[in-house]
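Labels A, B, C, D and E are assigned to the chains in the order they are written; within every chain, residues are numbered from 1.
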Amino acid sequence: MTPYLGRLVGKKDLGTDIKLLQVELVEPNGKARFADYRPGQFAFVSALGIGEAPFGIASTPSGNGLLEFGIAKVGSVTAALHSLEVGEIVGVRGPLGNGFPMDEMKDKNICVLGGGIGGAPLRPVIRDILDQRSDYGHLTILWAARNPSLLVFTDEYDLWRSAPNTELHVTVDEGDEEWKAAGGNEGLITQLLETIAPSPENAVTITCGPPAMLHFVTLTLHELGFSLDQMWTTLEARMHCGICKCGRCNMGDKFVCTDGPVFRQDEVAGFLETYL
Amino acid sequence: MTEFTLQDQIRDRAKQLLASEQVKCVIGYEHGSRGQVRPAFIHQINDVDSLVWNQGCTHNLVTYLRDIKGTFGSDEHLQRVAIIVKPCDSRALNVLLAEKQIEREHIYVIGVVCTGIVEGAGYAGQSSDKLQTRCVRCSDRVPVIYDLLVGEPTHPEITDDYVDLTELEAMPPAERAAFWLKQYERCILCYACRQVCPGCYCSTCMFERDDSLWVGIAAGVKEKEAFHLGRAYHLAARCIGCDECERVCPMELPLSLLNHKLAKEVQRLFHYCAGDEPSQSPLATMLAEGEEFPA
Amino acid sequence: MSEPRVGVFVCHCGTNIGGVVDVPAVVEYARALPYVAHVEGNLYSCSVDGLSSLKQGIHEHRLNRVVVASCTPRTHEPLFKDACEQAGLNRYLFEFVNIREHCSWVHSHEGDVATVKAIRLIRMGVAKACLLEPQDEAESGVIPEALVIGGGIAGMTAALNLARQGFHVHLVEKEAQLGGRLLQINRLCPTDIEAYDLIKPIIQEVEDHGRITLHVSSMVHEVSGYVGNFQITVAEDGEKQSFDVGTIVVATGADVLQPVGLYGYGQFPNVLTQLELEDRLKAEPPLITGAVLINCVGSRIPERPYCSRVCCMTSLKNAIQLKKLNPDAQVYVLHRDLLTYGVEFERYYRRAMKAGVRFLRYNLENPPQIVGRGRAENVVVWDALRGRELHLPVDLVVLSTPLVPASDNERISRLLKVPLGESGFFLEAHIKLRPVEFATDGIFVCGTTRWSADVSESISQAYAASTKAAIPMRMGVVTAEAITAYSEPSFCTGCGTCVVTCPFNAI
Amino acid sequence: MKYISREALQTWLDRLANDVTLIAPRLVDDILLYQSVSSAREIVLDYTRPKMSAKEVVLPSSEPILFVEKRGQEVSLTEPSSGAQIIFGLRPCDAHGIAVLDTVFVGQEPIDLNYARRREAITLIGLSCPQMREDCFCTSMGGMPNDPTHFDVLLTEVEDGYAVNTVTDKGRTLVDHLNLEEIKGEPAEPIINETESVLAQEHWPDLFADHYWDLLAERCLECRMCAYLCPVCRCFDVQDQVTQQGISYSKYDRLRCWDSCTGTNYRVVAGGHNPRATKGQRLRNRFFCKFHYFPVEYDHSGCVGCGRCIEACPVNIDIVEVMRDISRAFNASQISNASPDAEKGVTA
Amino acid sequence: MSEHTFQPRIIAFCCNWCSYAGADLAGVSRLQMPADFNIIRVMCSARVAPEWIIKALLNGIDGVMVLGCHIGDCHYISGNHRAAKRFVLLKEMLAFVGVHPDRLLVDWVSASEGRKFQTLVTEFSKRVKELGPCREWQVEIQTPQR
């Protein structure tokens, strides 16, 4: 339960009240622990003196060696993390959870659906695929948010678009004037999904977003012919330990922290409790 | 009139109310798993005969109105509940009415004339013949608010209403402080006192907010003291003295003393007794002509 | 809001603070406080240098909170807030710590104690500053109409000044006739013009002015609202009338002390007050051979310790008038100290001397005695200067009594929620810096309602107050205090107590 | 098995109280609690069940799990240490509870170091119950009033003294030097209650969606007493508490405190969504946790049958009654499996 | 802590409109008083939450003063009415849990009553000194090193 110390080396705005924090671990054993981690795994980040909270890791080990977290300001810990200045010390505990089974997805067409801050844990998935582009099939990215200011990683759109065999589609529930003027998509991600209509043939989907979005995306994917065992998702829950001790994050007999946070939809559908 | 017939009257009316669909639920009392009495929620006529009325009916059922607040529906689809209240409980209804937590037309009140509840009521094998302290000093044996009154009104003589406070009031301050600290120390912060209280209906208790300035998360005696004093004060001029907080406390903290003391002072200072009428607490109103504190 | 970076500016205020509190030690201590990024001591934080140093500090040290430890926020808070704003910092990120009125001045003999206390106060201030958040001030409109209470010279001047600038004015006078105290006065010093001549054209103009609504025989009955938007109810002969105004000027004047029981007043028919004499002088000037005018009757005594300022000149004026009527008359002014301030009044005093008015100083231990049968015949006075008792034969004794707070002050003070001072006169926001304003925004004060004043002072104050009152009306908007209560829906239980409780019906 | 006389026990306990932190049943304002004692005199040996379980000793109601010290930009983290403690007079159900907690905190990787550190320094000396109380049901949960399994040493009352059953090496080091004699004869068997039948964990999900839980929860007050009195309930919350703060030097404690799934906002996530929004859902979680989730996750029931929640619940939510209701409902549904009424709730 | 070295810690909540100005006037008039108190400016005496006082007195503060406008003079019309009622009751509760009622003083000080402010502070400080520490407390400011 003791975190590794890390130094905040970068901080940038991803959207309204959403920031990307870049952390460099300072202790050798911390570095060693985070030498490898999988997309979809998470870590607790401490604002020392306020508390810690779990966040999906938004970076990949192959990147710049920094741990990155996309953090939306929703409570006291996230507010404190937002207010930290570059150079300050944070605590990091992890990597925790199962992560996405990237090996199982090799050679498959992949559709990634991210909603709002839910895009943060999907970024390493996209990176991983782009890093080993030839290992995977066609990549379709559907990126959505309530409004344009809540879209994350917009500066990586070009990179994604320019990757071979990769397409990116963006939509917002409600666009501002600039958005409309630029002819941006408006509407729910499910509408966009219906339009794009990716083929379920040899394909998997990876979704992360608010509970309501997960629910409706699952329904739409089902209509498009995807079966539940083709759909992957990552769930969030209030938790305090990440190691199956605090008892808080259970969904029925599954613990989000150790059984998840990544689940296949057929597992989720079998949960006694719903995340809705 | 015997208790048996009171119970029959309650059952009769409950049947009528459910049969005529005047109410969707009757909140009353039933026998529990080990002979004790427990709260009952009767939704169907078939279950009405499990309703009981006896000297073990200690629970203040008004607290459950908190849970169904907001589920009453709009006026056209009025969904009423019937609730059985003792005289003391009925005063809590007045407090909630004054504070707009319930609307009169949403509840059908079956008021029961009460001759007192026995100690140990509500717990298996604990019932005694002795009346609870609050009942010994209770002077109004008739509910202050009801749609149906069950039982014949009685008017017992009450000698000293505040006799339970005498011992503590006589202690020197330091001893009193020590007494209370010893009590708080035992508290396990289970919040049963708060949860059982009809007056504690805040959706988020101010002593449990994440950003609470009052109480830290630690379970130290300071936190416990702040919680109990704060809660007692929040209930000043609102607490109707059902003493349920004390009854439910697993650590047997004498919480009623604090509440009773405040009720005494509210009576002395403001000539006000919570629940007499659905009126604003004197702490929320202006000074009356000629009234001046602290001068 | 990023992590606090607090700048602390500790003011010496010359020796006011620095002479008691060890400011350098305080500065050192403040450096170690949480989130404090910069500390400095200033000789005068409110000086031009101090303020520019503050602004520079904000830039240089990237301060996002400012604490100034100096005097009272009641006078200097706006100044420092403005400075913060000029340096690009939201004005609500400023916190004031009072280490002068609440520290150095009240613990001035205990430097060590005061130093520790200043440290405590600053520590509190810094802690609070860290919690401050930037606020946006809401603007609200200002009704371009004013209420002037009182139709005396001050009130009329204020009303006219506003009306001439184009604002509509409601002028409320409790008597049936405009003019106030001046209607009772004969002539005015130092020019000796007739008071009525001065006031007649003013009354005329007020009555004729299209933008002044007169409410005579009227009382202000109810006031609610706030600057820019006051709701007023006036009772005119028992009939109520309501209207809205943006600002309020209080010019309700003062009463004159009736010296009952003093110096034979009420006992001898020839013992008069100055006002009664003026009345006499207007109607049928009395021819007298011996007159004694006694000053400071009922003032500068323990129960009324203040000097009423205008009485010395009044008695000079009337002594000269009496001398004019009968140059042979023996006219004495008995005084404790003669206060003839300024250029004009000193000259006036010389004129009285030249006219043959005699001045005698008495003291409270040996006050003048009035003797006589049925009427005052002699004044016995101990001449403190010569050290002997004088017997002055008189056929007239005139008592100079002070102005006292009007009996209505208490009522008006409650109505407007503005304070009265210890003596019962209205209390301005600051005696030097905000002399014609109340601490409550949008309400102003002038004339004798605030303090004893002569006509020219009353007029000056009236101009000042009305001009101040015109500012928000001219601007058309006022910025409302940004920090107001709001209901947090997630905690609200809907009990409705706040709605019943708020006297402003704001919820 | 050895024997210790009452007098020798007193002497031994006095010495233990002197050497280490000795925790034992003690009356605090007429309430029996496991608390530290300074002498044997304070200890209540009569057969009663302390109001609270001994969970507090291994998992305090609030404890620092990390000390953070910040000097300038230098941060140092320290973990708390823990001294030797002996719990004496522990009842078998409470020892059972600690054993379940051990499973949760140290029985599964990654282990909880904080718990492990404290637990390692704790020795459990038990005292058998001669008789089950009316609301006890440890025998239904795999325990016995004289079950030595989870102790280091277990004492059982015999005439004039106690039978001493040394279970572990830890216990042996404690007892060996007392030079106790062998006991003559066997201690009497305890008087036990009828065993309740517990529905097998794999059948519980069949009753997950039942209306029963909403009806049961109607009278629930949503206090946390059942969880706090329970020897097994282990949910906790973590928050930092500032003890000193400055730009140059700050100190924080990371605290962990008990929590309970019956609390209204227990499951609320940042942003306000509450996946367990109704009282019925929350109360159901309590029972499912004990009888289904615990067995699935830790291969062990989350209830040890101590009966404390039954005694204390002010509105008579009786775990034994729930177990019976659930078993009955399951059996009923099995019988009428194909009948059209099957969807109806337990109470229908 | 021995009697004569005990320095009480007192909080004086002063309303912005009257009592704070009254304290200012005491300063302007150079009225001397003990330094044991710290003023916290609040907008109204009714802004002082009873929880603040409970927290203060149980966490190392030895006395709390709540000073507001005189009844009838409240800037918010009736704020001090509520303060008056609240604190008279709070006093009783505090007394009942062993906090001497003299540790809480509620009074009205107008902007012109500098002398009254001085008197109140002086007498209150004296009284609290007699009563001794309310609870054991820890932190005391070190005189700064130069």
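Brief remarks on what is shown
Keep this in mind: a contact is a pair of C-beta atoms (placed from the backbone, for glycine too) under 8 Å apart; a residue touches a chain by one contact, two chains touch by 3 or more.
Computed from a prediction, not measured in an experiment: that's the story for all the values here.
Think of each touching pair as a link: the shortest run of links from chain A to chain C has 1 of them. Distance from each chain's C-alpha mean to the overall C-alpha mean is smallest for E. Put simply, the chain farthest from chain A by mean CA position is C.
Inter-chain centre distance (chain B to chain E, centres taken as mean C-alpha positions): 36 Å.
Work out the mean CA point of chain C and of chain D, and you get 73 Å between them.
Inter-chain spacing, taken between the CA centroids of chain C and chain E, is 29 Å. Each chain gets one centre point, the mean of its Cα atoms, and the points for chain A and chain E are 54 Å apart. For chain A, the set of residues touching two or more other chains reads 75. Shared contact sites, meaning residues of chain B that touch two or more other chains, fall at 204, 206, 284. In chain D, the positions touching at least two other chains are 237, 239, 245, 250. Against chain E, the residues of chain C that register as touching in their complex are 24-26, 28-29, 72-74, 98, 100-103, 105-110, 112-117, 119-121, 123-124, 413-414, 417, 419-422, 427, 439-440, 501, 503-504.
Listing the residues of chain D that touch chain A in their complex gives 65-66, 68, 70, 73-75, 77, 79, 104-105, 108, 110, 112-115, 205, 208, 234-240, 242, 245, 250, 252, 254, 256, 259, 261, 266-271, 273, 275-276, 281, 285, 288-289, 292-293, 296-297. Residues of chain B touching chain E in their complex: 168-169, 171, 173-180, 206, 214, 222, 225-226, 229-230, 232-233, 236-237, 257-258, 261-262, 265-266, 269-270, 282-287, 292-295.
Across the complex, chain D is touched by residues 32-34, 36, 38-41, 59, 63-64, 67, 122-125, 182-183, 186, 188-192, 194-196, 204, 216-220, 244, 247-248, 250-252 of chain B. By the touch criterion given at the top, residues 17-18, 20-21, 23-24, 26-28, 30-33, 35, 38-41, 72-78, 82, 110-113, 118, 141, 143-146 of chain E touch chain C in their complex.
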